[in-house]
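In order of appearance the chains are A, B, C, D and E, and numbering begins at 1 in each one.
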């Protein structure tokens, strides 16, 4: 579905991504984990066309999308929930969601998508007319996720969706992701909660200093003691 | 060393009571947790304490001083430091400069000395830079000192937020989701730093959704929902509280 | 005389409003103080004028060509002066310098073209019909101008608030990169914004050129200065605000000329602006959105 | 060489005058105050000096003190109400101030001679005087810039919420910026009056405001070299382009656009940043890559 | 080959760009014409004049730089121009410092105050306005007048002040004074105000293009033809009639130059100018031509191998020179104030003619 081949990115001559190759199959959840500054967000940005590739190629269903302008990539169905909840602060919650619909190029007033998002995050229905910038941090994160879903993605790129969400909400979001995935949505998930990510995903890769250092079935990675040591922290050891 | 005391503070936006009669204590040397569902009012509490928002009712005490009406700079000078949930750094400035900015409240050289470029002002700057480097070292970011803050990854930017707050050498430290965007291993390396800071007598109020982190770090936890306290106690007490489980943790 | 002067004020003021609308639109979307907006206005007037001089087109066509001309210049301006800056994530400030540079070029080219002459539409471009009632003199042209301005404003309001365009504009204004992630094409949005802005200025240019019988390369400067006042009084990015403030300034100005002295018009307009800002730091009609913008980055 | 210097002395003097104005503009921009009041403060200084010199035959030093004083005072006075405003609103309020001062100088004929301006002011300040002023002011600003006041300015400019959370008083620093801006521009106006034989109201209008702003943005608005470089470029450019005759303005406009497009942070700041990057790169090469 | 002494450099500068280019360009043309004629006619014997041109852009600062450059690096014998009083008051002190004769257009006496090296060709408003005020109060029987003037241009302000003083001396009532800007185009409010006033005439001191619009909008705004239009010499050009259209009919203008003037000196000038530049001269062109002709005369008077001081002295002695301006005699008083008379002309059937 989504294949990334030998992708490299540099900022002002400094390499952030060095020849990354991975592929996300149709209908799977693929988790990408790694320490801060590893290049996870950079990879998603490259896929979305926000930052240019220095080398390599990215394809969506066999078609090359690297080099295309970002809005076209989004309209092709590759939609990203960016890191750090980039809601359009001056627009209301409802308007933000409406904008999300844009990517799908849907006109008319079908409310099925909206109902689905409202069901997942009831607070967004309640705060329909509030400027998004005045939501709490977690509420903004919900809006960012909801907005992406409004665009009826075929591939959803999630950059740390659990960021700032209460545990109970995280669970709901991940349950929803699994449900959507069962209905055919392909997901590339960047997540710092490595345990949760590996539990949810089918396959996973670990990125360190711009390179993929491990790749494989999520369950296998979760069981790898080195990975556990690096990414689960002492909490696991304590428990 | 000063304790932070909130006495029945309230604040609403339009008709919405975002904080509704919250009282809590963050004594010196202790890491106090503040948790609660999204939109519970945690960040609003921080904004009220730091004077960015006007209090609608109740009292805020820092040590024995009533700071309810104080404006933000006054509170900062009184030793209240914070990090921002939505990262706010000077993106174009270097990491070092962002950290040095935190020392502002410790400047002794007066306006005139600064304007005239007296040596006292100069030495002060040196001293701040030395201390900032020590902080960078502690957070493992020495190599990034001269990078523009805006070009760093999310996790590194969070660390700069914390270093800047620590540079204020505060008596009260408010951390709004400091380890968001970090994996557990990374979070725990920061936990050690927070414990150190608390041990020196700083009152820390920690807001965080990473429950394992909160549980392992905090001695006392307050739980907020819909602007009201619904529970408080030791981590285990709180984690076992059915209201907390229902509203926040989920089953 | 009072009624007559009020009428004069309304006519001039509505054209100020039209000019300022385009200015405020770009300002609201891109946070650009487009110092070249006055030259866009001037080139719109030139386009209309040359169409009339070369092809002898009638009034409505001249207005249309003025709109096209202004729109085109404005879009080109965006491409050469502002887009490269946006791409580089340059601070908003640099767009001021860039637009100053652009206005120097546009001004100087116009000067070369006209050899600094003041030009004019032929006297018969619009028949001089004067209606008199209750001692009030009103020209047909003045009525037509008010009509055109009203139409343009209604059209713009519809486009902004009844289509998804306005939402997209505000989204692009807030964050271009996030908007792209949502499938919005910032290029297309900016194209439309600049075209509309320039077209409004171009129409204003033709109308002003005809009603005041003069088209020259410096004609934009006084309007630019007024436009600053209009956007502040009217509230940043507010369409109705710009119109109301435009009218207000037109009226203040004519009344100053009528009852005080022509030389004081600027002093009074700007003193009023200064005072308004002291009493209401966000302008007369500045809403909450404006407040958020001035108090936070 | 001497001949060259002599014939270009007026140009250099003008460049130095512009550099002072650019300093005045720079200091407010640095503090995040979008003031365009420099032209107004300069007009007040120039008129104070010119009136003292021609009507009361006061000595130059007194005129300069008066120019400096009236600029400072005006800066302090407008700072109080204007500190409440932000961004464009501040810009427009100060633009209004410029227009008001312009109207006064045009219409208060008894004092200012109206549009005729004040003529036959003795030329008592020459190249050296201007140079000393620029060096002193520049040094002073450099010191302030690298002091805690400069750092506070930087933080306020970028994010006021952060600034107040660090204990920085925004009104106090805006006040300092306004006063410095007024004082420098007032002094500049006074020096210009004693340097140019005559002053007229329209010199201190919209055009000055635009060009001074352009100088700072073109040169760069962070380091102290920015305004200097910008002032020199924009003063000398028209002279260099004389050869282009009628296309001079076109070329000047194009240069302005090209340089800001390629150096959006200004000539001086971009150059300094490049230097800094080089230093980082070498430092990085030594320490190796970074890990968290 | 001519030796160095046989070439004299003349610095010629005017506002060729900027808001005063409407005057500066024809002035520059007129000046060049006179200088070329001096070269080709051999009026200066062996001496050839080399013209060095520059654009002062209507800007005082640029003028100052240019005067200095002319004096120092170009080593000119004298400087002709600049265009406006604004520029000249900036340039004149520099010229005096550098001891190079500067012969400016502008009417302000401040140019002369700067020192003995600065001269000007235009007479002050007082002189020229005398003719118009006498004509208006006497022949036309005007009793109540409103004055409109370009308040940002000292030349026009000076004309207005002079006219006002002279009218008051003749018992005429000044009903109102209105300052406008040359960049203004909207005179509706002013027109309505004039229409509501009880006046016999209104006077406009402004550039022709702007003033024409004041007149036009005044007529459209309801000022009846019985209320006469009076204008200074700027209106003595064809562009006034084309701009104002039928509204110009019956206007009275005091002209320090009249292109239709039948005297041979003017006819020759008109012919030469039209041949050289493809357009008939206006009063600015005439002003430049007159100035440069006077300069040539002074250089001639300065004797063989003229230097700056000799030229300065020769300029100071110019009296009763033939000129295309006014009543064809240009002269100076001892304070170097020029005078050359003027005539009142009027528009009839779309053409200027001498007023009855």
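Rule of thumb we're sticking to: a residue touches a chain if its C-beta (ideal position, glycine included) is under 8 Å from a C-beta of that chain, and two chains touch if they have at least 3 such contacts.
Here is each chain with its UniProt name: A, B = ABC transporter ATP-binding protein; C, D = Branched-chain amino acid ABC transporter permease.
Predicted model only: the values in this text are computed from it and were never measured.
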Over the chains that touch one another, what is the least number of steps taking chain D to chain E?
1
Report which of C-D and A-C is connected by more C-beta pairs in contact.
C-D
By mean C-alpha coordinates, which chain is most distant from chain D?
A
Chain centre separation (chain A, chain B; CA means) in Å
28
Distance from chain D to chain A - Cα centre to Cα centre, in angstrom
48
For chain A paired with chain E, centre-to-centre distance based on mean C-alpha positions, whole Å:
75
Computed distance of Cα centres, chain E from chain C, in Å:
36
At least two partner chains per residue is the criterion; list those residues in chain A.
12, 35-37
So which bits of chain C are touching at least two other chains?
108, 111, 221, 263
If a residue has to touch 2 or more other chains to count, which residues of chain E qualify?
17, 151, 179
State the interface residues of chain C toward chain E in the complex, per the touch definition above.
1, 4-5, 8-9, 11-12, 108, 111, 115-118, 120, 123, 128, 130, 137, 139, 208, 212-214, 216, 218-219, 221-222, 253-255, 257-258, 261-263
In the complex, chain E touches chain C at residues 17, 19, 21-22, 25, 148, 151, 176-181, 183-190, 192-193, 196, 209-210, 213, 216-217, 220-222, 239, 243, 245
Touch list for chain B against partner chain A, complex
13, 36-40, 42-44, 85-87, 151-156, 177, 180-188, 209-213, 216, 247-250
Residue ranges of chain E in contact with chain D within the complex
16-17, 54-55, 57, 60-62, 64-65, 67-69, 71-73, 85-86, 89-90, 92-94, 97, 108, 110, 113-114, 151-154, 157-158, 179
Quick one: which bits of chain D touch chain E in the complex? Just the residue numbers, please.
3-4, 6-11, 14, 106-107, 114-117, 119-120, 123, 196-198, 200-203, 238-239, 242, 245-246, 248-249
